[in-house]
Each structure stands twice: as structure tokens, then as C-alpha cells.
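Here the structure comes first, spelled out in C-alpha cells, and everything after it is commentary.
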Amino acid sequence: MVQTRSLIDEHGRRTDGRTMDELRNVKIQVGIVKNADGSAYIEFGKNRIIAAVYGPREVHPKHLAQPDRCVLRCRYHMSPFSTDTRKNPAPSRREVEISKVMREALEPSLMLEDYPRAAIDVFVEVLQADGGSRCAGITAASVALADAGINMRDIVPACAAGKVDGKIVLDINDVEDKEGSADMPLAYMPHLERVTLLQLDGILNQEEFNECLDKALQGCKMIYEIQRRALIQKYFGDEQELKEES
Amino acid sequence: MREAISRSKRLDGRDLDEMRTLEIELGIIGKADGSSRVRLGNSEVVAGVKVETGEPFEGLENKGALILSAEVLPTASPYVEPGPPDEETIELARVVDRGVRESEMVDLGKLALIPGKVVYVIFVDCSIINYDGNLFDASSYAVVSALMSSKLPVFEVQEGEAVVNTGKKMDPPLTTIPVSITAVKIGDSVILDPTAEEEACMDARITITTNSEGKFAALQKGSTGSFTIDQIKKAAEIARIKGEEVRTKIKELTSNGH
Amino acid sequence: MVQTRSLIDEHGRRTDGRTMDELRNVKIQVGIVKNADGSAYIEFGKNRIIAAVYGPREVHPKHLAQPDRCVLRCRYHMSPFSTDTRKNPAPSRREVEISKVMREALEPSLMLEDYPRAAIDVFVEVLQADGGSRCAGITAASVALADAGINMRDIVPACAAGKVDGKIVLDINDVEDKEGSADMPLAYMPHLERVTLLQLDGILNQEEFNECLDKALQGCKMIYEIQRRALIQKYFGDEQELKEES
Amino acid sequence: MREAISRSKRLDGRDLDEMRTLEIELGIIGKADGSSRVRLGNSEVVAGVKVETGEPFEGLENKGALILSAEVLPTASPYVEPGPPDEETIELARVVDRGVRESEMVDLGKLALIPGKVVYVIFVDCSIINYDGNLFDASSYAVVSALMSSKLPVFEVQEGEAVVNTGKKMDPPLTTIPVSITAVKIGDSVILDPTAEEEACMDARITITTNSEGKFAALQKGSTGSFTIDQIKKAAEIARIKGEEVRTKIKELTSNGH
Amino acid sequence: MREAISRSKRLDGRDLDEMRTLEIELGIIGKADGSSRVRLGNSEVVAGVKVETGEPFEGLENKGALILSAEVLPTASPYVEPGPPDEETIELARVVDRGVRESEMVDLGKLALIPGKVVYVIFVDCSIINYDGNLFDASSYAVVSALMSSKLPVFEVQEGEAVVNTGKKMDPPLTTIPVSITAVKIGDSVILDPTAEEEACMDARITITTNSEGKFAALQKGSTGSFTIDQIKKAAEIARIKGEEVRTKIKELTSNGH
Amino acid sequence: MVQTRSLIDEHGRRTDGRTMDELRNVKIQVGIVKNADGSAYIEFGKNRIIAAVYGPREVHPKHLAQPDRCVLRCRYHMSPFSTDTRKNPAPSRREVEISKVMREALEPSLMLEDYPRAAIDVFVEVLQADGGSRCAGITAASVALADAGINMRDIVPACAAGKVDGKIVLDINDVEDKEGSADMPLAYMPHLERVTLLQLDGILNQEEFNECLDKALQGCKMIYEIQRRALIQKYFGDEQELKEES
């Protein structure tokens, strides 16, 4: 990572005007893919991501079925127009890895034992990519799984923290990812209090490491509220939400 | 359904020659040079335009290159397998491409930079998000409206043949608005803009693209049934008339905010 | 398509000397691939194409079999030396599309319901490509299917018409395809009077469209005669043909 | 069959060391720079030569490049699956290539244009149309006769290192005529030019290529059986003698009309 | 096993936080610019460094390129299928890569030749020969020690921008020694350096890479279980301490003969 | 092949100091891959090759199983760092061919009929390649098969002879392969006296051909001794070897 310009100004504001502890704008819409069993659309900063869930359903080919549990499959994919330079539509090694960690981030939240011999497929399509697309994708996918009525132990919000200009900040955007010095995406089950995804790119000392982890955790809790509201909005409408808030 | 259609009724109440509601949202992909989200009934497609520089195609040394692809995302239906495009998706991309290319919608002759060496390369990619029939027309409208709303980066040739992005933007050199109309035959009836359910029991399909002058620019018969010559001539006439209606609609939907 | 030189002279002759309504030379030989259940070799202008049919036979993998009908599969492929510039042997997107429309052009002519659970494979190899290779390929494939003894409702001839120098002409060759302004390939079942393949590349007004369609139809009828003779020649020899003509 | 062969009889009446009829038709692919259709009994192969310019191979900077491929078309037998070449087809192409390359049939040293940068690239592609055994020899004869009948475009290097096609044609720089002879072992008998039926029950195969001087240029033992040293020495001798016979035949068949 | 581990016992007698024996053999591939064979218990990895010149990565025009790959050979266990790398092998290569890249072990800024055009390209490839758990650390140690023992060819830019290999050798510009430590959770216990048997019943995995200053450079949580925040903080601390032990060991094992 | 410098000096010594009939250094270690059913590591000149055997074991997919015999599968593969210029890890056409001839060289030595419906997999990984890697690979693979306890009719040593500076020499190395004029690899079962692999690249007259064949055969017999000792060493240790030699 290259440090080429100041990413935090004298007032503690970041390149996009946020404070150190502020999330980018996050908007979640539930149930936007008509054919899917569950779906969600998320705008997370400039990320534009669709998550669709199909299942529980039969597994093909059959020998992949598990006698005692459901198979979870996950695809993270970027549309060719989602990035600054056109992306080749064939899956890159990066997309393969993210598909894997995304599946591992969602699996602990699901009661897969309730659906033996079946499969659940989660498809995450990045229509536009900004920093933190894997976190945004997990966040949307978890909402889509809830929308599909899958039995869940918890919802999984995800959010990154990182180090920029020597400071630990919440929710790294594209510029901060490229020019900052560390990025730590985290997925967390807020009720079970468990980390289901954690990665780190870049240099942190022990103290910074712990601060970063705590900050990302706070971000997850904020994201969780947005997930919750989006689901309430879908199932109970605006009215219910207003009542509940009052 | 076949029985209902033979009595000129469709499950969703439409007339045989009635299109579904068309919605177009522009500019949803800020990182693209042009983009569009099209809903044709419940079929939904996002198209994005990306412009780069590159080598011209062989035999077309003095022209910009247009490269069109489509992916039916696995989000789109329970029957889509992720992976490289299958036969149907390749046909889809090539038919949409043909409508744009043969109508000469984009004046590619204006998009050469160093003839034979460097030209504008326009990628138009379609991601099909939800499938409810008639992807040919939905994708075609998405591509056409993404191109209409696009702003191309202006490249310049400097001394020593270096090509630089000036940071400026320009309108694409468009000459016409191609519009495809897809009809399918079920029994002896011919219906427009089929849903997924209707496509599941179709005998044959025909997609006809007209340009702004009402001339035919491209046609593709598909599926394993057949047509009479008269059915084709009639379909061509309908494609011209309905095409003009859709063209008016597309112009209207893409002029907002321009 | 680029119009760069006159493609029709003052006497109404085209670059290869043909009139507006004249076919290129077409020669069909039946049964030239020894191992195939049916086969045909066609010379259509400079096209040199082999069609071979295997089947009805067992389907592999078995889950592709249909309980009530035969599966028709079709491959259109160009040899590396068939084109001006050497062609990569891997199937191009164009070859995939043509394989599909070719299958759809042949299928209505076959009584596939007579062979449940079986498959018929049609392999079309373009040894040398000229304009109209898909039409020539369908024409040869239909003869090969007849040679294989498949139950058929009709034979399928195919032929293109197009627009060149502002005129509608029959059977577009390579130069006319590249430099002309429209190309409309058609496949037609002459007894059932049905169109099984139709495509159009290039600009035509309504009147030209209808004229083009009618002209391609005439071409198909001429091709049909050549198909018929080739089959008679194979099965009854020259003698029979002479008798019949007398 | 094994029993018959042990009594020196073959199903088609040939002697154990008798080749099938060889037919060669030249120039059938006008768009190629050389072409040949070979029938060896019922095995049938079309070979085409295409010449372009390109980069030399690493380590061979001053030589033209020769690239040979083969495809066993799905027309060739009920057992061929369309798709990328399998192990057997790759071996076939490589063994045919080795015969041409190791005999130095084409003097590639005469086909460099700008050493290290631009050379003649000669593609020779085989399409196997019908399979009735011994594709090694049938393909080899097709390749050799296509090369012998080829006319190469003459490229010239102009100032500034531009390479242009002059429109002229030249004979390829050929030095020798490599001929492969394939023998298979069935039980204790060794037979030449096996049919598909004979290959189906062979124990081992050996393909030996000689040049015009009767020297050995390439050899490939194949299949899962084995040979004694004496069988190999004898096969080599036969390959030399029969190779000369076939060479005479190829010269005769390719000289018509030249 | 879960029960034993809950009582702080491991099948091979190790303490929960005890690594297996590490052996490093350097220079076994003379044709490589650096090489190493690492045994961590029964897991065995060979890594080789090859240096070429090539284009820089987009956005990193002034830096050398580092390209890391891994293949789990089918020799490594009865369950490996030969073929392109699967999801797990891709993750393995990317995690090992991240440790080297994020720690800035190789000062790539010193490996540009003609900025934006030609740079050093360092390939580091791992062949996993035998699998007995913890390939992350075994591969990481192989890569790091291969790089530490490597001698790079010295390229020079001549007039006219020709890049030539001078035939001289130089030490790679290394800045730090990244060391990864992998822990897995089985029940409520966290153990280091798991064997294949232990991995088969793990709930979750975490790999943490520290640099020579004891700072964290990369981390990857894996597998379908989860951790508490406290478990992660503790794992980080252990990774720092154990990482320093392993770093000392690597320095010792790679200094022989240097 | 290009003849550019003298490869044999006035004393009959080759570029690496060997005489005309001398093998390079060959060292075989048995049983070095812990998980494999049998394995061997060979150093043959600068070749560094591992061979591992898995099986007899179940065949996947099952339809590949043979009712009356075991299926032998073989992969010859080069590590990316094994060659002068980095090798792309995807299998080349050369590797595919060598895998095939290697399998055919080993198969006659195995009693595959003893393991119906099963498969044996032989994996040969070239960590460093010198001239003759296919011979070294077969040599190691045959030892690994013995180490796996597969029922065998014979061991298969392999060795090349060739022509260099007009002379027939044993065991061609990398330089001699590139600059010499012929290379003839041979695999031979010494007790059954059968050739299981033979190839030739380059020009030889009849006399040279026979001489080359005989020389390669002598090489195989020398290699066979090294294979035998390596196996004895593994199974009976140094002591036994010493006894036997005394």
C-alpha cells in the first residue's frame, strides 16, 4: 500500500467527508429478485450489490448431498462493468477466495442440520464495486437468507476497519483501501458474539490490532441495525417500524 | 395455456400483441461510461458500457470496436448454473449485438484513433438479474438505452503515437435507435413479449430489429418449430409498428434528466 | 457492411458472372463417410462441407435422454484451414450459435417421437468456407439424415438471398456477404411449406424484405431438386434417374 | 482374428506386410496454401497448410516455425466425442510432427525474415474424416503431400522492419520426404498398416519414419504391449524398405499436374 | 480426539501450543534462482523462485511484480485430484502471498527497470509433495526461505530500452521476515500447527502473519466455525510470540552455508 | 537439432566428463512420500523427480472401472520451477504425451488382472528437469510401484542412448539432447527381455540404429541394478546389502 496524500484532514475528516467512526451510507432493500426464494439489494457507499438465495433445494449432482445436513454454496461475482477497468467475466482467483470466505462467514449462522440432503445457494453479484464489497456482500446475503425463510441462529453483518494516516478508522472506502496502510474486514454474529470472517491486509501493531478489531465490531453492530430495519420494513411495512421506534 | 391463447387470452390478461410495462433507470453504475437497468415485466437486466482503447478488428482497421457480452446471472432463475455462457446465452448476446451492429447505431467509423493500430473499444455487458421471458428484447433495450445515455472518454493521439485520456467526455456518435420485437408462436397464435411461462410452451420464436426509419436491420428465428412465409411477413410488419412504439417509449424514458 | 466497389455490372452480372437469380454451382454426394450411419459431401460455390449422422443411438450421459422423443444434437465446425486466415480449432461463439440454429432448422423435419430415449448426432465439418456455409451445411445435413434412414416429414434445403448494389439477389457469395448490404439465410421445408431457419444481417425496407424472403424461397426449391437427385443417384443409380427424367 | 493372423491371413485378404491402397487428391482446399485428401483404405484425412508470419520459437530465433495439429472429427467414428484433443490425438499430432521435424523435411533455416523477431509460421492442420485404423500413417502422408504441393506466399521485409506479403508465391524449401510405416503386433505376428478391427486387438504398435536416404528419423512405440529387441530391429528394416515403396508412390501421386 | 484435546492432550504428544519439527533444505533446485524444501512434521513443500522480466501490474508501474502460486500435487494425499487449483489451493496461495506482500518482505520498489514498461517479475511456485496438515505455514516457510536464499539475475537497461541479463547475480532486496502461525479451534481449545487428523475435526482456523518487528501483516480466518473476539486477540498474541521463535529457527536453518 | 560445438573431446570425454558408455549419477530413495502407498525419489544427472503410487483403490467415476482388470493411470508433470524458463503449470501437450507413453511403458510389468475393478495411480513430478526426464520418471515410478506392493512381472528401468558428434553414446544429458543429432529413450523389462517404451528423435542409419538400441539396452541393465539396490536398501537395510555384496 502506498501513502501518497493526506487521507484525513485537520478536522479529522476523511476524503469523503466522514468522521473516523462513521459508516458510509448503507441502504438495504429486501426481496427485489422476483424468482429467488430470498433476495436483497444493498448500496454500501458506492457498492451496488444483489444477493439472491435459492433453496433449500435438491442437490445436483446428487453425490454432493450430505445425509445429515444441508450443503451451503456461495458465489461472489463481479459484473464486467463493476470496476474502473472492465473486468473479465471469468471468475478470478480473488473471486474464488471471496466466495469461500463468504460461505464460511455465513455458515455458522444457519441451521443447516434442519435440511438434510438439500442445498442452499447464495449468489452475490457486484454490479458496482467500492471498498468493502465482501462485507457488503455478506451483509446483503445474510438478509437474503432471512428473506428466504432459512432457519438461522443469528444475522451476520460485516464491516471493515482499517488504518489510514496512522489512525484507526471505520469502514474503509476504495481510496483508503488503495492508499491506506491496513484493512481488516470482519463479519460478526451480534447475538452469539462470534466472529465468522476476519482478514487483515497491512501492518498493525498489537494495540492497533485490538483497536481495529473493536472498531470493526462496532461497525458490525451498526450494520446489524440496518439489516434488522430492512427486514422489518419488508415484512411489517413502515407503520410497524414507526410504532416500534416510538 | 395453449387453449387460452387460442382464444386470444393470456394468463396475465394482456392482448396477444401487447408488450409488458417497460421501465428504464439510467446511470445506476457510476463507474461505467453508460448504464441502464431495464425491467420488462419481471425480466430485469442491467447493462453497462465501458470504453477503452485497443486494436481494431481484422478487416475493420478504420473503425472502433464494439464488443457485446451477456451473462444470465444465477440469481435470475432456479435453473441457471453459474459458469461460462451456454448456447442460449451466446445466441442472446449475438442477436442483441447484431441489432446494434447491423443498424449501425454507433458510427464506429468515427471511433478510430490511429487507423489499423489504436481505436476506441466499446464494451457493452449485460447482467441478467431476473428471468421472466423475452430476454432478447429486455437485453436489447438495456443495451440501447445504456449506449444512448453514455458519455465516452475523449482520447487523443499525441506525438509519437501515444494515446492519452484527456479527461474530457463526449456523446457517442449514434445514428439510429434499433428496437427489437420478439414474437413467439404457440399453436397457431403469435404473441408478443412472451413471459417465461409462455416461452416454456412456445413452438417457435422470431426476433426482428428495426431502425429509426422503420427498416429491418436484423432478424433471428429461434426454437425448434417453424413459421409460414405469411406469418413471417406479418411478424415483420408488427415488428415495424410495435418497434416504433417502443422507440418512442425508450426516447421518453431516456430523455429524463438529459 | 461496406460498399466499396460495384458488385453488379451493367449487364446485370455479379462478380462471379452469375445473374441475379442464379445459384452458385452445387454438387452433393451421398454416403461418403464410411463409418457414419448417413453422410453427404456438398460443394456449394467454394464451400466444401461434410455432414455425417450417427444415430439413432444411446444417449450419453443417460440423464439427457427424453422419455418421449429422440434428442437431436448438432455440431457445426470449421477446420483450421477452411478460412482465409487460419482459424483457431476451438469452437468460436459464431460456431456455437450456428450449431444451435442448424439444429433448430433440422428438427421440425424429423420424426423424433419415433425414437424415444435415443439421440441423433449431426456433425457438419466445413473444410472450406465461402459465403452461405450455414445454408450449405443444413442442406448437406438434411441429405445425410435421409441417408441415415431417419424418419422424416420433409427434406430441408437452405439458401440465402440478399441485397447487393441496391438489388435483391439470390445466393450471396463471400464477397457479396462482406461488401453487400444485407444477407438473409433461409431454410424451408418445401412440402410442409414451413420456414425452419431465418436470419437477417443488414438493412432492408419492408418491400425489399418480402422480395428477399421470396427469392430465398425460390433458391430453397432449386436446392431441394439437387438434394432429391443426389439421393436418387445414391439409391437408384444413374439409370433410374434417366428413366425418371424421360 | 488373432487365430487367422497367426496363420498369416488377414480379414481383408492382405499379406501381413501389405499396405492398403493409398489415394491422394491435391489442392482440394483452394483457400489453403497447400492441401491434400488422403485415403488409406477407408481411413480418410484432409490436411491443409496455412502460412502466416509470427514470432520464432524460443531457442530457434533464426528459423521459421512449423506448427502441426490434428483433430479426429466426430464424423470419423461412432466413438469420437467432439471436444479438445484427447491423449491419443495429441500423441498422433506429435508423432506426425516429429517425423516432419526430425527429418528436417522443411528447411526452416530458410524461413526467417527478421531473425529473433519475425519468421514464416507454417500451420499444418489435419482433419480426420473417417477412421479405419492407422491414422499415424494416413495423417503423415496427408501432411507430407500437402506440404509437397504447397505454394508459400512470399513475404518481404521493408525498411523500418515492416513485413509485407508481396502477393508472389514460392515453393517451400523441402529437403527430403519422410515416410512413416506403422506395424502392430498381434500375438507373435507383426502386421503393417492395421485396420480399425486389427488395432482393436493389437498388443503393441510401432511407427518408424525414414527419410529419402533410408535413414531413420523418428520412432514411436505405442500401446500397452511390448516388443523384443529383435522384433524392433526387424520392424526398422521393414520400415526402410516399405517406406521407400510408399515414397515412390507419394511422389507419383503428387506429381500429377505439377 | 476432541475429548483428548479438551484435556490438553494431542495424539502425537505435543502441547497445544507446540509446533512440529521444522526442517529446511536450501538450493535443491539448481535451475531455480532460489529454492527450498520444507518439512513441517510430515507436511512437505518444495518452493522455487524464478526471475524474469516483464510488464508491471496496472497501478504499480514503478514496482517489480511478485507472482505466487501453489499446487497441491496428487502425490500429497489420496484425496487430491490432479487438475487446476481448487478453492482451497487458491486460498492457500493467496494467504501465503498476502503474508509476503503485506509485510513488504521484498522491496519491489527496487525492482523496476523501465518504469511502466519493464520490471523484474519474481515467480514463487510451491509444489506440495505430502500433506499432513497446516499447509499454510509449511508453504509460507518454504516461500520465505526460498526467497531468503535466492540470488537474482541482474538485468540492465541498455540504450534503446533493450533489457539484457548481465549474467551477474544479486541478493534480493529483502526488508523483513514474515512468519505465519496457524491455529485451529477444536471444541473450546485452540491448538497450533494442526496435523491432517486435527484439521479433519477442526471447527475454525486462523492464520496470522507477523513481520520481524512483531507487527501484524496479514490474517485469515478460515473454515466454517467461529471465534470469540477474545480468542482472536489471544491468537494474535500467540502468533507474535511463536512467530518470533519460528523466525529465529528459519534464520538459523537458512544461514548454514551462507 | 543444431550442432554448434564439439560435444566430445579428443580423449573421448563428453561435456560433463563422462565416457561414451557412462551413465550420469543415479540415486534412488524409496518410500519418501509419507501418504503414498509407494514412492521413490530419483536423482538422475540433474533430474530431481518424485514418483508416488496410490492404489489399488476404487475408481472414480465408477464407469471407468474394468470388470477383469485394474485401470492404470499415470500423470507426468513438471513443477513451474523445474525448467530454465518458468513453466506454465497447466499440462502441456508434451506432458500429455509423456504421461501416455509412460503408462504404456509400465503397464506390461504389472499384473493388473489381479485387481479387477480397481485403479492404480502413478504420479510423477519433475522438480528439476534434465535430459532424459521421461526415462528417469519411468525408473522411479517402477520402483514406487514395487514399494506399493503391486504384483509385478518385472521391474522397468529406462535409459536413453543417442548420437553426438557422430558417435553413439549412452544416456544423453540436456546439452546433448539439444545439440546432439539423435536421442533414443528405451524402457526394458530385463527378465522378460521386452521393450515397453521406445522413441527416436533424430537421424540414424540402420547400423547406428541397432548400435543405439543395444547401448540403451545396456543402460537399462545398469539402471536396473540401481533400482534393485534401492529396494533392497529400503526393505532389508544396509546390513543385508553388505552381506549380499560380500
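Odds and ends about this structure:
A, B, C, D, E and F are the chain letters, set down in written order, and residue numbers restart from 1 in every chain.
The rule is simple: a contact is a pair of C-beta atoms (placed from the backbone, for glycine too) under 8 Å apart; a residue touches a chain by one contact, two chains touch by 3 or more.
In this text, all values refer to a predicted model and were calculated from it rather than measured experimentally.
Chains that touch both chain D and chain F: there are none. Using the contact threshold fixed earlier, the set of chains in contact with both chain D and chain E is F. Interface equivalence for A-B, evaluated over D-F, A-E or C-D, points to C-D, where over half of the contact pairs coincide by residue number. Chain B and chain C have Cα centroids lying 28 Å from one another. Spacing of chain C relative to chain E, judged by their CA centroids, is 59 angstrom. Distance between chain centres (mean CA atoms), chain C to chain F: 53 Å. Counting partner chains per residue, chain B shows two or more touched chains at no residue at all. Shared interface positions of chain C, defined as residues touching 2 or more other chains, are 85. In ring order, beginning at chain E and turning toward chain F, the chains are E, F, D, C, B, A. Listing the residues of chain C that touch chain B in their complex gives 85, 93-94, 96-97, 99-101, 103-104, 107-108, 178, 184, 189, 192-206, 209-210, 213-214, 217.
On the chain E side of its complex with chain A, the touching residues are 58-59, 87-88, 90-91, 93-94, 98, 102-103, 206, 208, 211, 214-229, 232-233, 236-237, 240.
Partner chain B is touched in their complex by these residues of chain A: 33-36, 39, 46, 48, 50, 52, 54, 57, 75, 77, 79-86, 89-90, 121, 123, 125, 127-129. Only residues 28-32, 35, 42, 44, 46-50, 52, 69, 71, 73-78, 82, 84, 123, 125, 127, 129-132 of chain E touch chain F when the two sit together in their complex.
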